[in-house]
Every structure is written in structure tokens, then in C-alpha cells.
Amino acid sequence: MGETFKANVIDHFNFWVAVVLMMIGLYAMITKNNLIKKLIGMSIFQTAIILFYVSAGVKDGATIPILEHHAAETEQVEAGEHVEGHPVANHEAHAINPDDYSNPLPHVLMLTAIVVGVATLGVALAVTQVIYKNYGTLEEDEILAKIKAAENDG
Amino acid sequence: MKWVGLIAVLFTGGLLLSAMDDFPNWGDAHSPANASPVSQYFIEKTIEDSGVPNMVTAVLADYRSYDTMFETVVVLIAGIAIMAILRVGNQIPRGARPAPVSAPASVNDDHQDIIIGTTCRLLIPVLQLFAFYVIAHGHHSPGGGFQGGVVLGTSFILAAIAKGLDPALERLPETRYVKIAFVGVVIYSAFGVACLLLGENFLDYGVLSVLLPTIDAAEARSHSMLGVEVGVAFTVSAIMFAIYANLASKGELEGGL
Amino acid sequence: MAEQYPIIVLLVLLFGALLVGLSGMVDRRVCFPLAVTALSLAVVVSVGILQQVINGGVIRYFVGGWSRPVGIGIELRIDTINALVLLTITTVGLLTAIFSFRRVQEDKTEKTPLFYVLYLLLIMGLSGMVISGDAFNLYVLLEVSSLTSYALIAMGKSRRAATAAFSYIIMGTIGASFYLLGVGYLYLRTGTLNMMEIHQAILALDGSSSTIVVAFVLILVGLMIKMAFFPLFGWLPNAYSYCPSSTSCVVAPLMTKVGVYVMIRMMLTVFGTEWVFENLQYAQWLVGMAIVAILAGSVMALAQVELKKMFCYLIVAEVGYMVGGAWMANHWGMVGAIYHIMSDAFMTLCMFLAAGIFLKQAGVVRIDQLDGMFRKMPVTMAGFVVGALAMIGIPPTCGFFSKLYLIRGGMESGHWGYVVALLISSLVNAVLFFRIFEIAYFGKKPAEGHGHHENHSTVSVIKEANVSSLVPLLASAAIIVLLGIFNSDIVELIERALNGSQVIGMNVLSGKGGQG
Amino acid sequence: MIWQFDIIILIFLVITAVISLRVKDLLAASMVFGTYSFLICLLWAGMGAVDVAFTEATVGAGISAVILIATVYNTRRDSSD
């Protein structure tokens, strides 16, 4: 039973949850009235996209993308061929089965995306503080009302 | 607004889910993304190209190092942007100048919160040491310039939270952290320019082996990766502290939380 | 050395920014010369790139030397279209940097080095986006340019600059995230990030994959937010009109145009025109939306009383021109759209430079405050008139020729609604600008009901702007005319990219007739 | 990875996301957002993306939460939604 359940639900479950989180984040970004809530929604949206990417790089039964038996193999090669000091040997490539390691490329992309996310969050929070200094509130409708009042006053 | 948002979100969600049955199965090792020659190449040839067992580090700092350079620039921009936004028309904040203080040991001076003070004194050196480990050991274990840089920046943030912003800023004043942040990007791009000057494409580290005759191209790659990670760590640690210091004090760099 | 030009154009700007940051802390006065030097070098290098592309065909530059297998490293890819847009970006950057000289003199705060660092990095980000051949690298550079523009807009002195910047951040992040998600969908199905390789994979899939369709829609919507296409333009007018003049002069001409350019790049190189026009049946819809965008932008521009706001709504209409032209599935439509990217960049630059000078010299915010400007500031008005004539579409200027190509495309492909919308919009522009000319030439009666900004007494001593402001204005006006005069050469270059093997999927667009 | 854990974390993720957006106290929202980041970092570690997880643990759960709290401290805590 475990296997069929797994096949039906889990095969795309990660993607489903990523999409649900994206929708939650996007909804908060569009409809929340409080500026900080909007930004939390933005962060959730971004992490959901990252979850999507990372899910795309998962392989069943694969380990983390760090070659762990690297040291042992190097020794072998060194013993056989007297390569000096460093692990540059063509033979080693045959020992590595790509199915054993999860796909490193999405991880790299998402490191970038996380850093971009926090950079955006920082800039947005700075703008939020300036808005609070100018208008004394973080609620969008109150800010709009104050802008309108200021316009009418001339 | 709520309804518009809800409709937009449901539409987006429906769009995203509509392609779901076309997706490769979760965890499928032979999906287009996982079985592509690009991904295979990274897994199989990283050791050969640079001898770095952590493929993520190798891809980050070597194959796609151009991206990573701009990522570092994004971090730099965030710090500069926050400083530029929060200083609305005022002069240099008082805290930004290196303070001419006579009491260098102010982290230890405060006897009011002895638990926090002691914990910080114990924790901060360990954090910083760990940060250096993470930066330097990124070739062999999870970590690298970003993670190490953030941990290093966090140690200053911890000092600032525990003891107030001023003692932390005495140790890392604004003129200094801005300089460190810029120097980080300079280090990174200098590696690329060195390759350029030696006649290869930008960031083609292999050619740097001519500078150190005892190493070959693969080792040159490996060492250059460490070099650019150090540059990344410079920028990231300085900017993380800068972001906190400016946001916590509304850009005035005094008081803090 | 010459083969390294693609990276050098970015490095010049990057090192310029770093030098400004490091030395600007010591002495603020070095910022301006350093920035102008860096941008001049960038212009020189991009001219070199253009020459190289004209003589030697497409440049493929593999960063880090990772050329094989294609896609492991990052590729920079330049054909004649990119080279022209790159030259446009660096030129606009240089002209606006010269314009910002006044700001440096008057600004007494420590912000000057920060401004120039962000400014140079913005130009670097936009240039990098244009020459990148890697879908994810484009996202990183998109964020570089977005973050810098958020900051530059939020630096405005107006109270509303921060709120405008905030809504820009929210919308911009949604746009960039959609783009990122679209690239993720593409990656999931194709397994690569290199634009050419993605195209090969899409061809191999033979139009059967719904993932690719969703990816295309996501990227399109994300870019439409970035380029302020009609229903998604809400962030633009406030963001561009409440920021400092020197910021709006670079953000307004470039950000939306680069968004349009990236959309065209996606259509031509990544998805391929056969797939976009034959497999998807969106073209009619998008031309329809473009018609609405043109009409709505023009009508809203008519309703504005503030000069900069009016220009902002005109940008919305102009984006409609380009999107409509690109989606006509017609050779001349695409040529017109690409040509219009360049001409509109300089027209918008000219408009915003003039608005910045009016604001600085005379405190002009609203259109009716422009009375008598022909007498008070003749040189500025001369530059402004050239830009305005280009916006209307009067023959020697580039605005006329881009409209000519777009209309030809519309007629050949049978999109009569688009042609009519374009003509209506030109008419509206004519009404708008001749109203301004009338006010500025004949003046108007001083008695008016508004109680807003009534400082006519203080602006009685209006002088002509100084050289550093006039040089960029007149240069942009000259470029507008030159682009018009040399339109056939530029179109020849664009066609070379469209027809030759430089852009794949050409069989829809290379024929002079309509959709096959 | 163990799929039971996967599902539990995914469900908790949705719950924490909703809580951090529903709660009216912004300080609490920031804290719950930190929890969310930490949970998603666990998820990624489980998926084999250790570098991403490390970065998220430091950046998402660390810096993001701290700067959110710093801003809440400097502005106000209550929210209308």
C-alpha cells in the first residue's frame, strides 16, 4: 500500500505544496493591508519558488551533491599511478554514477535566489521605515487616505 | 481589492497546476532536468576539472561564477541601497564616524545583564571561528562564502543585539564596513580580471596556474574558488551587519534595538 | 583584446562603481568624473562591439571558458539587435550622468557616492541583461537593475517617493519571481539554462508539452509587469514621477524598454518564432491588449495636469506600440518594435531631461506653468520641441520611421485596429504637445483657480539652464534626428539579425509577407 | 528522504505560513516567519540540498527574521490584518 500511495501522492506532492505556498504568498502580497505583512508574503512567495526548484533537482535514493568516497578513490588512484598530491585522474570519472548524487545545479541557482530574496527584503524594509517616518502608519489604506488629504490641502 | 487579488491568485495557481501532469515524477533520476548533459557533467567532471568534492561550491564558484559575482553585487547593492534610502537628506550620522572612544572594552563593561554578556563573550568568538571554518571548508562540506559570511555578520549582529549598537559599531564602524564590502567585490572581480590579463576568458581560473608554478590548472581552479569565496564572505559579512545596523537604528546608527 | 569586449563593457561599469564607492568616501568630488569616465568607456566599448558584430557576425563569449558541453558555463551572446540596444543603454546612461552634474554640486549630503554607485550598477545590470545568453543569469541581472532602481526611486525627496518605491518593489518582485518561476518550468522540462539549448530542447519536444506553455505565460506576465504593459502598469506613474530628475531620466527611458527587449529576446531566441506564433494562439489577444494599452495610455495622458505624469502615461502607450508590433507575427512589425525600442529610449530621455530642466530652473510641475518658456529658455525648448515632434511622429525624426514600420506591419498582417490605435495615439500626442507649445509660446492668463504651488513670484527670474544640463538634452535631440536619418541602415542591421542565422526560428519573420 | 517526514514538514509549512500572515501582532508574525524558514530549511536538508538549507538557515531564519523584528521594533507592532 505504501508504494502506490507514494506513487499517487508524493510524486507531485512537493510541487503541489510549493504551488499552494506560492498562492498564499502572492495573495498576501496583493491583498494584505499592512506593509510588513506584504513583505512576509513576498518572502513566502520567494521561498516557495525555491522549494519548487529544489524539488526539481531531487533524485530518489541519491545523496547530497558532495563526493564522499572521493578520498578513498584518490588514494587508490595514487597507489596505482603515482599521481602526485592531487586528485586529477581520468579513471575516477568512471566511478561516479550521476544517479547517486542529487542535481547540484538547482541548488546553486537557489543559493543565488535566497540571497536576492534577503536583499530585496532588506531594501523593502528600509523603504517601509521611511514610509512610517513620513506617514506614521503601516496600513495601506491609512497611507492612501493621508496622501489624498495632503493633495486636497494643496 | 480582495476579490481582484483572489481571482488573480486562483488564476495563477490554476495556471501553475495545469502543467502538473506534464511534470516528471518527483525524484525521478531520469527527468530532463536531472539527466541533462549539463547536470551529468557537473557530477562526473567536477573532480577532474578542479578537484573540489562539493559540486555546489564548484558550480557556484567556477562554472557559474559569473552569476555568483553579480549575486555578490546584489548584496552590495542591498547594503548601499539601505544606507541611501534611510538617510533622507541628513548629514553623516554620528555613529558612522569611527568613535573616538576611550573605553575599548565596553562589551565587557556592562554588568547589568551578566548572563547575556557572558553568553555573548563565549558565543561570539566561537561563531566567528565557525564562520572561518565554513568559508575555508566550503570545498569539502556544505558552506562557502555566503554561508560563512552570513555567520560572520551574524556574530556582529549578536554583539549589537546583546550590548547595543554602539559597542558593535566601535568595532566595525561604517567607514570600515563599507570599505570591506567594496573590497570583497574587488577581490572577486580581480580574480576574473587576472584571468583576462593572462589572455583567457573572464574567470577562467585555470590560467592562473602560471602565477604559481608549483600548481596545475585544476589546483589553480580550486585555490581561486577559495579566493573568490573569501571575497564573497567579505562583502556578505559586512553588508549583513550594515543592513541590521541601519534598519535597527532607522539609519542613524545609534541606539539600536 | 577585442574578443573580450562583451565582458569589458560590464567590467568598466563595475569597476567604475567600485572606485566611486571607495574613493567617494574620501572625496565626493571625484564621483562625477569617475562615473562619466566609466560610462564613456562603456559607450566606446559598445561601439566596438557593434562594429565587431557587423563585421564578424554573432559574438559568443563563454565566461570562464566553459564552452563544451554548451550550457555548463554562462554564455554571453550578442547579435546586431543586442549590440544596438546595448549601445542605446550606455549612451542614455552617459547622457543622464552628465545631466546629473548639477545634482552633485547642490547636494550637500553624503549620498552622492551612494547615488553614483547605484547608478553605475543600474547601467551595468541593464547592459548585462541585454547581452546575456543564459536565462538564469538574466534573472540575476534583472534583480541587479531592479534593486538599484528601487533604491534610486526611494531616494527621492518627495514624501511620496517612498510609497511609490514600495509599490514598485512589490510589483517588481512579483514580476521577477514570475520570470524566475517560468525559467524553473523551462529548466524542469529542458534541463538547461542556456537560451539556445532551451530552444533546441523545445524544438525536440515538438509543441507537446504543457509545461513549456505555462513557462511562456509566466515569463510573459512577469516581463509585462516589468515593462508596465497595460493592465499591470499601476506602479509606473508614481514611481517615475516622484523620483529625482536624474533618476527618472535613466529609469524611464531604459527599464521598460529593456523589459520589451527581453520579451522579444524570449520570443526570438528562447521559444522561437514558429513555436510562439504557430503553436500558441495568443498573438491576436496580445495585439488586442496592445491596442487597449495604446488607447488607455493616450487617454490617461490627456487627463494629466503634471508634466512628468503625462510622460509616464505616454510610456504606457509606447509600450503598447512595441508589444503590439512584436506580436503581429509580421516582419515589419518586429522590425518596427525593435527600432522603436531605440527611438523611444531617446525620445523618453529627451522628454524627461526637458522636464528635469523645467523643474530645476523654473519649478515647473504642471503643464500650465510652462507659459512663456520659449522666451525664457529658448535652447531647452528647442531640444524639447525635437523630442515632442518625434513623439508625435513628424518625418525627419526617428518617431516617424518607427511608426511607419509599425503601421506597415499592421497593414500587412491585417491588424487594422492596431493601425487605427496608433494613428489615434499620434493624434493625441499632437494635441498634447501642441497644447504645451501653445502655452509655452503664447503664455496664458495668470489668473487661475488652483491654489497649488502658487510661487509665480519666485520663478520670475528664470534663466536658461547651464551647459551640463543642455548638452545631454541637445545630444538626445540630435540622436533622435540622426536615428531618423539613418533609419534604413539601422533597419538593415535589425533585418540582418532577423533574417540571417543569428536568430533562430526566422521563417515566420524573414518573409516580407504576413503570417505563413 | 523519508517521505513521512516530508509530508509532515510540508503540512507544517503551510500552517506556519498561514499563521504568520493571519496573526495580528507583527512581532509574532516575524517570529512565526522565522519558524517557517527553519522548517523549509529542514525540508531542503532532507532533499539533499544541504548548501541551500545552510543558506536558508542563516539567511532566512537568521537575518530575515532579525531585520523584520528590527523594523517592527522601529515602527509598530499591531496590524489590521
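Things worth noting here:
Which chain is which? They are A, B, C and D, in the order written, and residues in each are numbered from 1.
Here is the rule we use: a residue touches a chain if its C-beta (ideal position, glycine included) is under 8 Å from a C-beta of that chain, and two chains touch if they have at least 3 such contacts.
What you see is a predicted model; the values in this text were computed from it and never measured.
Interface comparison, A-C versus B-D: the pair with the greater number of contacting C-beta pairs is A-C.
Chain A and chain C, compared by their mean Cα positions, are separated by 30 Å.
Work out the mean CA point of chain B and of chain D, and you get 20 Å between them. Remark: chain C and chain D have CA centroids separated by 37 Å (rounded to whole angstrom). Centroid to centroid, with C-alpha atoms defining each point, chain A and chain B lie 15 Å apart.
In chain B, 16, 23, 31, 33-35, 38-39, 42, 54, 56, 60, 64, 67, 71, 74, 77-78, 81, 85, 88, 142, 146, 243, 247, 250 are the positions where the chain touches two or more neighbouring chains simultaneously. Residues of chain D in contact with two or more other chains: 50-51, 55, 59, 63, 67, 70-71, 74. For chain A, the set of residues that touch two or more other chains comprises 10, 13-14, 20, 22, 26, 55-58, 62, 64-66, 105-109, 111-112, 115-116, 118-120, 122-123, 125-130.
Taken together, the chains touch in the following pairs: A-B, A-C, A-D, B-C, B-D. Touching chain C in their complex are the following residues of chain B: 15-16, 18-19, 21-24, 31-39, 41-42, 62-67, 70-71, 73-74, 76-78, 80-81, 83-85, 87-92, 175, 178-179, 182-183, 185-186, 189, 192-193, 196, 200-206. Contact residues of chain D toward chain B in the complex are 50-51, 53-55, 58-59, 62-63, 66-67, 69-71, 73-74. Here chain A touches chain C in the complex through residues 22, 26, 29, 35, 38, 42, 45-46, 49, 52-53, 56, 105-106, 109, 112-113, 116, 119-120, 123-124, 126-128, 130-131, 134-135, 143, 147, 150, 154, going by the rule given at the top.
Contact residues on chain B toward chain A in their complex (touch as defined above): 1-2, 4-6, 8-10, 12-13, 16-17, 20, 23, 25-29, 31, 33-35, 38-40, 42-48, 51, 53-56, 58-60, 64, 67-68, 71, 74-75, 77-79, 81-82, 85-86, 88, 140-142, 146, 216, 218-219, 236, 243, 246-247, 250-251.
The touching residues of chain D, when paired with chain A in their complex, are 1, 3, 6-7, 10, 13-14, 17-18, 20-21, 26, 29-30, 33, 36-37, 40, 43-44, 47-52, 55-56, 59-60, 63-64, 67-68, 70-72, 74-76, 79-81.
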